[in-house]
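Both complexes shown next keep chain A, but they swap its partner, so chain B is in the first and chain C is in the second.
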Partner chain A sequence: MKLKLSQADIDGAEVQLIERVSGEEMKRCYQCGNCSGGCPVAYAMEVPPSQIMRFLQLGMVDEVMGANSMWVCVGCLQCSSRCPQGVSVASVLEGLRQITLRKGTDKTRVADIPARFLEKAPQQAIVCGFRKFVS
Partner chain B sequence: MKIPYYPGCTLNTVAKGFDASARDSALAIGFEMAELPQWNCCGATFPLTPDNLIALCAPAKVLSNARKEGDTLTTLCSVCYNVLKRTNKVLRDDREKRGVINGFIEEEYDGSVNVVHFLEVLRDRIGFDKVKEAVKRPLKGIKAGAYYGCMLLRPFEDIGIDRVESPTVFEDLLRAIGAEPVEFPNRIECCGAHLAMNNGEIVERLSGNVMTSAVACGAELIVTTCPLCQYNLEKSQGGVAQNTPGYNEVPIIYFTQALGLALGHDIEKLGFENNASDVMGLLKKKGIV
Partner chain C sequence: MPRIGVFVCQCGNNIAATVDTKKVAEEMGRLPGVVYTCDYKFMCSSPGQEMLKQAIKENNLDGVIVSACSPHMHEKTFRKASEAAGLNPYRCEITNIREQCSWVHHDRTKAVGTVKSMDLTRMTIQRLKKNRPLDKIRIPVRKRALVIGGGIAGIQAALDIAEGGREVILVEKEPSIGGNMARLSETFPTMDCSQCILTPKMVEAELNENIKLYTYSEVEKVDGYIGNFTVRIRRKSKYVDEERCTGCGECIEKCPFKVESRFELGLAKRKVIYTPFPQSVPNVPVIDAPNCPKIQKDRCGVCALVCGPKCIDFKMEDRIETVEVGAIVVATGYQLMPNARFGEYGYGRIKDVINGMQFERLASSSGPTGGEIRRPSDGKVPDSVVFIQCVGSRDEKKGVSYCSKVCCMYTAKHTMLYHHKVHGGKAYVFYMDIRCAGKRYEEFVRRAIEHDGAMYLRGRVSRVYERDGKVIVQGADTLSASQVEIEADMVVLATAIVSRDGADTLAQRLGIGYDRHRFYNEYHPKLKPVETVTAGIYLAGTCIGPMDIPESVAQGSAAASKVLALFSADEMSREPITALVNKATCNACWDCVTACPYSAIEKDAVKNRQGEIVRRLARVNDGVCQGCGVCVAACRSKSIDLKGYTDEQVFAAINAF
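And now, the complex of A and B:
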């Protein structure tokens, strides 16, 4: 795969916004891959956690914003727990979610949530789900 | 001894057995879980983005109410514990954020409450040896898998209840009540959490990994500390059994139900009827009831 990188993207406003919202510094990651190795949902991600970090280091924001990774992350914190550099990819993914949700774009439409789930599920699943998927 | 107690939403609704069995167990051991006179939802997730202060207001309100009752607050649900403990650390250590949040909730809270999980109360204040002395119906011969999940353990810097990769607190309790703890690889892995709302496939795979891992290591019972773990495991078990040759369904109960059982409480009061899986068969087989 040929990549066209530009310094303007690497230092661009979009990466800066993600760094500000998530509180994480992308350049700290040295690509050891522990996060992707420990992530229980990496198998279902279009871009696994370590590659999320790499794309953002290279200023390739569209690649991560367009991937399903942020919506598949379960927030279990295994990635941040095992990162030798103290980076929390879970926070980066939450940053991506927040940036999307703050624009008013819902991942899950409330009308699409099955009534049975609302009836039977623990309240905490509903509250947490709303916080993660609904603006 | 009275310990201020925050039940949280789920223990007041779908996980009543978790709440009742803990309160009764505490009394049998010699302390009282004193429910906060006023409380609200903790928010059910600690915001991972540091600028999201609004999500800290609900747990901050809980903590400031708790401070009026004493210097300690105990919880049962792993998520409530995680959210309250982490929020408390922000309020204690970050002056600027404390000012903003206090201004919003109209309180003057300083982060001085010590948030402890019920397991910590048993381990550090009562002592597992005392718990063992109170046991009247030991869970002898039951191989039990302690399922920690995520929120009871991580992140270590903020939670610190035990070693993050090789905890023992939960197994130590199971040993104290007479069961035989079984360590299994997925005991600190995620159940699928809030994806219950929109991605049943992932939940079934993750919860399935937890259950098959426990059963492969010999567990005849899985014990949980979180109503969402309990729900995800229970809900996934049918599908997992169907898709995993040789897998036998395993009962899943809250750790306080196991504790109450060992302390000799009436079986009818433990709330087993609200659990999806049947534990009575196992208890009869082992001659415990």
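And now, the complex of A and C:
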């Protein structure tokens, strides 16, 4: 993959929107990888948290929006608590979810969630899932 | 009537482009008291200076004004030239018509710039009329230095000063000099043994006739000023007579009580009567009083029984010694950040998670394992070791914001030492960036990776926990964008270098500045790297910030050269810009005493012939006063003036505007 960098992408409106919604500054991240290291669900993510941050720094919003990472995130806040730079990666992922949901695409109805899943899933996951899918 | 000369400089085109210098000179010539004016291309050049000197002599000038660049640039130059022509240097004043006039105006018609230049010069003329001739202050210098801290930087500074033929008092808090370097096993990038290069220097410091070692001692109070410091040193009781002890070690051998060794960082025990390490200098044991049953409960006393020269005295008390020195070198060094802050790395909870300094002790041939790498929990030789860099460093949230500078290098060294000592062992290093700027440093790290097979992983570690006698390290390798889990036998944390506990207290005692991390501030980070804002106090080594051994040694020598330069003359001269108390009007409210940031104002008294105090008043110590003027502003009765900047001079200048 060859990347063509431009000012328009790096400081683009979409990244600014993500920054505003999440309340986090992308340039604070110095790519130490602590968030990816501790993430309990990173194995299932197409793009691990630290790479999400890097893509957003580069203005590569499509790669981030297209990945399953934001939906896999369980919101345990491990990344936020370990980040040496005080960046809440969980907030960034929540911001991505909010932006996606506001667009009205990729929405799940509560009734569509299988009952069997609700019985088995841990409480944390249900709370987080509800926040993600129905807000 | 004064006889003033005004010299207007064109500074090439720097001033002349926006200021009509000729007109300024002509206009100034019309003012009363001005007898000579001229303008010239470069006043600071030697012909320019010659012109100034000649004009002073020929016109019998008693005051000179050079309207040119900032006084920061050439005030000294022109005052020196005036002095050479027989004028008191403080009768020479500078008007800044470059930085404050020509450079800030772009009017090529020269109208604005010329008017402002004339205004500024006129003000200086009126000010100069009130200038009194001043004489440089001469202060005697006591040619003995105090070095605080007996680590490698302090030892180097002491040796260099002693070599220069001056007396040095080297104060060290611990029972032995050597500092943190004495703990290291090998040193990068040459891999020579730390003890082997350090101990000869320690012994040299002990044997040098010009160096007095005050070990187990602390600086309690510092008074005075450059050339004349009075320092109170607490010499903590060793309970052993230093003069008579032969260092035979019988007492240590027979002492039945053991406690954790601070020198070995908890990896081994030591006796209650002890020397920190076998090569201690001086080789005199001390008794750890809080842990000694004889001192606490009057039981035991075996050491005194076996001591041949009978030099143990359980009743010995701390002694306070007051010494007078001319200069102080502060080389108090560093300590490691307490890892307890990093719960996720399990330090203190998991026995096999140690810090870099503890690994140094494990690898050291004089260490608790005799140089074999064995993990602390069960003494097993670890098959794999994970090294984690930037623990606390570059971590604004839980640690410190700065980079500790040496960890990249010592971690590479650790992987090599481990590989040399444990064949077939695997070293993993989690790093964020490899910072190895230094002579032969990059090659050293490459050697660790390519030759000694250290696996470098770019990422931080998120969690360290125990499972079945293994230490599990969970982190990331951002280069492959994957999570990494390693089952290790031991984990070594490269913890941040921080300033010593009590660094701020000492700084306050000395009157030197420190930053938010409590590292001491240099006078100028680039051009005055070992000086402090307090004249006569110099810095060396890691008390300024993280640095490696070569840099610490260089700074020790640099500080020593500064001290020797100071000691090269019998007295030193300084600018006479100091505060002066009007004895007639001072009403002894002592506001100035509280206001003075340099403690330069003393409470003085006037006595009659019977020696009774008639009245009290403030007195400024010219040696300490830095001429900041805070006391002038604080004085309620307007009894203090700053020489060279008196109210009279300032008002004269303002009135001329």
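Everything below uses one rule, namely that the second predicted complex is superposed on the first by the 114 of 135 C-alpha atoms of A that agree within 3 Å, B and C clash if a C-alpha of one lies under 4 Å from a C-alpha of the other, contacts with A are read in each partner's own complex, and residues count from 1 in each chain.
The working rule: a residue touches a chain if its C-beta (ideal position, glycine included) is under 8 Å from a C-beta of that chain, and two chains touch if they have at least 3 such contacts.
Given the structure is predicted, the values throughout are model-derived calculations rather than measurements.
Within the superposed three-chain model, A:A125 lies in touch with chain B and out of touch with chain C [touch as defined at top].
By the touch criterion stated above, A:I10 is placed in contact with neither chain B nor chain C.
More residues of chain A lie in touch with B than with the remaining chain of the pair chain B and chain C. Once the two complexes are laid over each other on the shared chain, residue contacts for A:I113 go to chain B alone; chain C is not touched. Look at A:M65: by the touch rule set out above, it reaches neither chain B nor chain C.
In the superposition on chain A, contact of A:V74 is made with chain B only, not with chain C.
By the touch criterion defined above, A:Q51 lies against chain C but remains apart from chain B after alignment on the C-alpha atoms of chain A.
Once the two complexes are laid over each other on the shared chain, residue contacts for A:L101 go to neither chain B nor chain C. Shared contact residues on chain A (touching chain B in one structure, chain C in the other): 78. By the touch rule above, chain A contacts chain C in their complex via residues 30-39, 42-43, 47-48, 50-51, 78, 82-86. Only residues 344, 390, 394-399, 432, 458-463, 474-478, 481-484 of chain C touch chain A when the two sit together in their complex.
On the chain B side of its complex with chain A, the touching residues are 8-10, 13-15, 41, 43-45, 47-52, 55, 77, 79-80, 150, 154-156, 164-165, 189-190, 192-199, 202, 206, 209, 227-228, 230-231. Of all the residues in chain A, the ones that touch chain B in their complex are 20-23, 40-41, 44, 72, 74-78, 80-81, 88, 90-91, 94-95, 98, 107-108, 112-113, 117, 120-129, 131-133.
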